[in-house]
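Both complexes shown next keep chain A, but they swap its partner, so chain B is in the first and chain C is in the second.
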Partner chain A sequence: MEMVIVAPPAPGKLEDLRRRFFATPLQALLSLISLAIMAFVLWKLLNWAVFSAVFTTSGGPEACQAAAGACWSVIAARWRIILFGLYPFEEQWRSALACVAVVVMTVLSCIPAFWTGRRIALVWGAGTALYYVLMKGGVLGLPYVGEEAWGGLALTLFIFVTTCLIGFPLAICLALLRRSELPWISRTTGLIIDGVRSLPLISILFTFAVVLPFALPQWMAGDKLYRVILGSALFFSAYQAEIVRGGMQGVPKGQEEAAMALGMSYWQRIGRILLPQAMRNALPATINQFVISFKETSLVVIVGFFEILASGNAAYGTGEWRFAYVEVYAFIALIYFVFVFSLSRYGAYLERRMSVGER
Partner chain B sequence: MMVSLLRNQRVRNTLLQVLYVGSLAAMILACVMIARRNLAQQGITSGFDFLFKSTGWDVNFSLLPATANDPYWWFVLIGVINTLFLGCTGLILATIVGTIVGLARTSSNELARLLGRTYVDIFRNIPLILQVFFWYAVITHLPTPRAAHEAFGILLTSRGLYVPVPNVGGVAFAAAFLAVIAAIALPVWLGRTTRLSQPPGERLGIQLTAAATALASAVIILALGRLPDLPLLDFPALQGLNLKGGLRIPPEFSALAIAIAIYGGSYIAEIVRGGFKAVGKGQMEAALSLGLSPWRVFTLVRLPLALRAMLPILANQYVWLMKATTMGIAVGFTDFFMIVALTINHSGQTLEAIGILMAGFLAINLSLAAAFNRINKTIALKGNQLRG
Partner chain C sequence: MISTQSSGAAVHIENLDKYYGSFHALRNINLSVKRGEKIVVCGPSGSGKSTMIRCINRLEQHNGGRITVLGTELNDDVGNIDGIRREVGMVFQHFNLFPHMTVLENCMIAPMIVRKRPRAEAEATARRYLEKVRIPEQATKFPGQLSGGQQQRVAIARALCMQPQLMLFDEPTSALDPEMIAEVLDVMVTLASEGMTMICVTHEMGFARRVADRVIFMDHGEIVEEAPPEQFFTSCRNERTRQFLSQVLGH
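Showing the complex of A and B:
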């Protein structure tokens, strides 16, 4: 007799659901609790943010305050101050364009075709220069706007970009110095890196903003904004240097020895053999560090800069919109979230992509 | 002569090192000299004598008695204690939040995983200081004491959180607190030390007796230390325009603690998840095939192994949390950093204050790291049991 093995019938939709979420009593309980939490939060959130929210400015703050839900009119009325701070009203298109330039620059540097030292330096150099010219003006018929008038999202992006631009090469220098064969150079550099890492960023920003002018000759003190950027770049580079060093340790020793045997000079060995492989090893951690440092730019509000958080405080702090703080913070949180989340998702994607060869 | 010396590798190396270290030292020295000269021009003499002068200003949060007449060193001490207190509170809360969310993320239930992931994705991607500002705004926009929200004797007002406290002396309260901690710690310690010498049944008896004794002594201490002619619990109540009685937790502190718990919790959740992921599948399969129940597989195999995998990363996260207390200055919580900043503003002793700040954070970080290294060493397993 012939045996026919018949596959069990494919589970129906309902059966599938039961197996996935209600396999055991405990699973069922867990599913129900999770579902209840999700439904409750989602309903409350939607109700607040959409169904009973006010979106137009026509009623003014009074009508808005009377509404049960969110008052998005505060954003409609104050979005300019949140995004551009105190930048002159007629010139704010320049601020917007500068933000776009930074975003384009960031997106370009996420494309692997730009991952050679020269190209990435070119993209970042050009992007930052474009930002600077657009914001500051004084050339090409653009009226001059001093740094003290910069603010909002544009200032946040500027601090982030310049921090990375100064901090990244500094980090590579520190990493190279730390792995130097000369004991006193590596020890002193190690001391600097560990010292900076053990301090909170706020204390470094405070030192650079408030204390440093006392300790520098007058001509060197410079503008407060650039001092703070320098401080935040130093902090960034101390962390990034350890990441780069970790990447360098992942490069097999034979690589450098082979390069030496071929008679390559120190700079050739570093630039052509060691760094390219080290940067590849360090890429996921590097992106993570960029994400962290973007979030940390918000700390400059403490030393008195009018970046996006401070401008948000100002947007609801004055008179008639006092009640609408949740909406303003939600808007700023959303802006941060869009930047940080997409960057960290990109980092996760990169990590998956790069581990393909190693599996 | 000069050229031949420079061709010598050893001479060149020494020269390079001297040049590097020397130029750094010269830079720092120059900065200090200039700073001292500038400060001297403002009539500020260097040295640590200012620590013994009275401050003339006040702090808004202190666990120790503080007045404007107290000297600077006392205020610095208050700042350090505030930082440690806030740090420990945030650390405990963040660990609780992180453990719950992390367990949800590793659970076998899809919905729980989704919930955990949403939490982490949202709160990890919003800067901590924004969350601090948000919670501070929420708390200071709560109703006035007259219209306070009330639940279980706890009052929520714009002036802070008021909780009822027992009417006992400070010393007795501290002693009772220690006794309660002993009630938790003693059984654990006994369990570790008597593991081999006693049969399990007797061990449980000893542990229970120890815990009961400690708890009973806590109750006795509270009863003895009770202030006469007052009810056992002091409830906050409205008197005129303000609240009297109970313990007031200022909005600055609660905003920071909530924000650190939520933000730090999202990071700790990822560490917890990573720890459980690091436990090899074979370990769990082996335990299941030995016939252990799922609960025992969790408590006896997965949890101990995962804990060991997490601990080093967790230590880094805790050091970070301690440093995050410096956000206090954003809402006006007098933590260590804010005290130092105020000291610089009021006394002008810039260099000394910065030195104290650096030394303080170095000490906090190093002692935390040392403590965790010890824990790590004592619980480390021989060999490579995480894999497999």
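Showing the complex of A and C:
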């Protein structure tokens, strides 16, 4: 291919593409081959997921087995199990509302206008109370449903949100204790953090769910669900504490000195000067930690909870839909993706917002 | 409590000793500063200038001797320390503005949360002092968007918003480019002419000549020489002082 190079004007999109992928004959060939492979895969995928797929439940599992494509009818038939687990069928609207409550609570607390102590406490208090009353019932004419029957997306969201709500403040406390000037406090805290971090999450969940009831008096043990949440919050806080501490180390010493020189008290310096800057430094790692925790909620299945992944297993595991597991997992993956992707985008938004005024 | 009798010294330091581990950073310092007095402190690097003025608002703890600031002795009583810090403003070499707040918020936060002033009043005060340091138009910017000289003037305004009775300056111009030094010194000269009690660590000898009532020379943690500026620059007695002066004045 021969070309004449003129003094390059700002290249158009097409021109830019040509230069990147079709500069030499060999490059052009490789580009075409890759393009063909991608088109082939995309076509196969679309064909499976859309063109030859079965979307309605009218034909039952048989219609699916006859078709070449995906069997989305399993989702249509089984979505309630995936989203709500073993929650009683007639009461599942409550579980749906509870999900909405948690999502609304999360979205509200992501909006800067709600970042004052009173408002955030109000949002979280109302959100968790609403979730609890809706799920558990026993009041306001709602039939009682015990925690052992909670499941699906509703349970996953609840475990994730409460883990963060408890774990995050705990992480900040641990990080502050770890930088205490009294050596025995900072060393002990360091030991606790490192201890928790060196255990696998599964063993912590197992300890809290199964072993703890033997060690605690009956009245202190509470329901297994709350012990599990406490365990996962502890695990979360150990990692997040180190992230927060890293953020604090990035705040120059002069900041605290300036605050001291202005007469601010310890808590004013922490709350107004140190933490806002530390959290800004720690934001990318924090979002990362949230994403990991969201996905790790699936581990509660080992102590007998039917969160969304386990509910998915149940959805296809009952005989007639046994063959349609790919579709079920694809659906669950989509749900995970929606939540985790929103979380990452929110993190990116926060970073942009916070970088205002930075050099 | 802070006594407000105007007769007493603003700062009274007696036999002050300070150690960093086994390193003797300040040796038997004695210094008394009257209200309205302007003191310039100079000396070679590592001579303990910063350490001394940081002891005055307890950013450093002293190990021996007595420090009395505005009638209150500095000891382990946290209430005393907070009370003194409210009345003593400090300006740092590296500004130490709060980068996550606008210029205006930097100036408002301490009056609001430490002195419990209402927001409107704090804002009015902040705008007045920003006017005074000649950058009212930068109020809504963030510190990172300002030049070094502007940042240091904000830092001065921030300290003044607490309406302190005493101002400490620790080399306020030594992190600045030469063309910005003058704008900061101008603000400090104005402040001095209004009667503020000031203790300035600086090597700006022109400033010392114009405003200082006394110049103090420190070396190896000791006050070596203490004299009014004319005398200090023309007829200092000490060999080390002479050597230092020829270095700062002669370059």
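Note that in this section the second predicted complex is superposed on the first by the 319 of 359 C-alpha atoms of A that agree within 3 Å, B and C clash if a C-alpha of one lies under 4 Å from a C-alpha of the other, contacts with A are read in each partner's own complex, and residues count from 1 in each chain.
The rule we apply is simple: contacts are C-beta pairs under 8 Å (C-beta built on N, C-alpha and C of every residue); 3 or more make two chains touch, one makes a residue touch a chain.
This one's a predicted model, so the numbers in the text were calculated from it and none came from an experiment.
Visitor: One more residue to check, A:A258. First (chain B), second (chain C), both or neither?
Guide: After superposition on chain A, A:A258 lies in contact with chain C alone.
Visitor: For A:K295 in the superposed arrangement: first (chain B), second (chain C), both or neither?
Guide: In the superposed model, A:K295 contacts chain B only, not chain C.
Visitor: As a test of reading the superposition: which chain, chain B or chain C, is in touch with more residues of chain A?
Guide: With both complexes superposed on chain A, more residues of chain A are touched by B.
Visitor: Go through the superposed model and pick first if A:I332 touches only chain B, second if only chain C, both, or neither.
Guide: first
Visitor: Name the contact category of A:T116: first (chain B only), second (chain C only), both, or neither.
Guide: In the superposition, A:T116 contacts neither chain B nor chain C.
Visitor: After lining up the shared chain so the two structures overlap, which partner does A:M38 touch, if you call chain B first and chain C second: first, second, both or neither?
Guide: First partner only, chain B.
Visitor: Quick check on the superposed pair: does A:R272 touch chain B, chain C, both, or neither? Answer first, second, both or neither.
Guide: second
Visitor: Mind working out whether A:A215 is in touch with chain B, chain C, both or neither, as first, second, both or neither?
Guide: first
Visitor: Once the shared chain is lined up, is A:S52 touching chain B (first), chain C (second), both, or neither of them?
Guide: Neither partner.
Visitor: Following superposition on chain A, which residues of chain A contact chain B and also contact chain C?
Guide: none
Visitor: In the complex of these two chains, what residues of chain A are touching chain B?
Guide: Against chain B, chain A makes touches at 20-21, 27, 30-31, 34-35, 37-38, 177, 182-185, 188, 192, 195, 198-203, 206-207, 210-211, 214-217, 295-296, 298-299, 301-302, 309, 313, 323, 325-326, 329, 332-333, 336-337, 340-341, 344.
Visitor: Please output the residues of chain B touching chain A within their complex, sorted ascending.
Guide: 13, 16-17, 20-21, 24, 31-32, 34-35, 38-39, 104, 107-112, 114-115, 121-122, 125-130, 133-134, 137-138, 141, 323-324, 326-327, 329-330, 337, 340-341, 344, 350, 354, 357-358, 361-362, 365-366
Visitor: Provide the residue numbers of chain C that touch chain A in the complex, in ascending order.
Guide: 57, 59, 82, 85-86, 88-90, 92, 94, 96-100, 102, 109-110, 113-114, 141-145, 155, 158-159, 162
Visitor: Could you please specify the touching residues of chain A with respect to chain C in the complex?
Guide: 252, 254-255, 257-265, 268, 272-273, 276-277, 280, 354, 356-359
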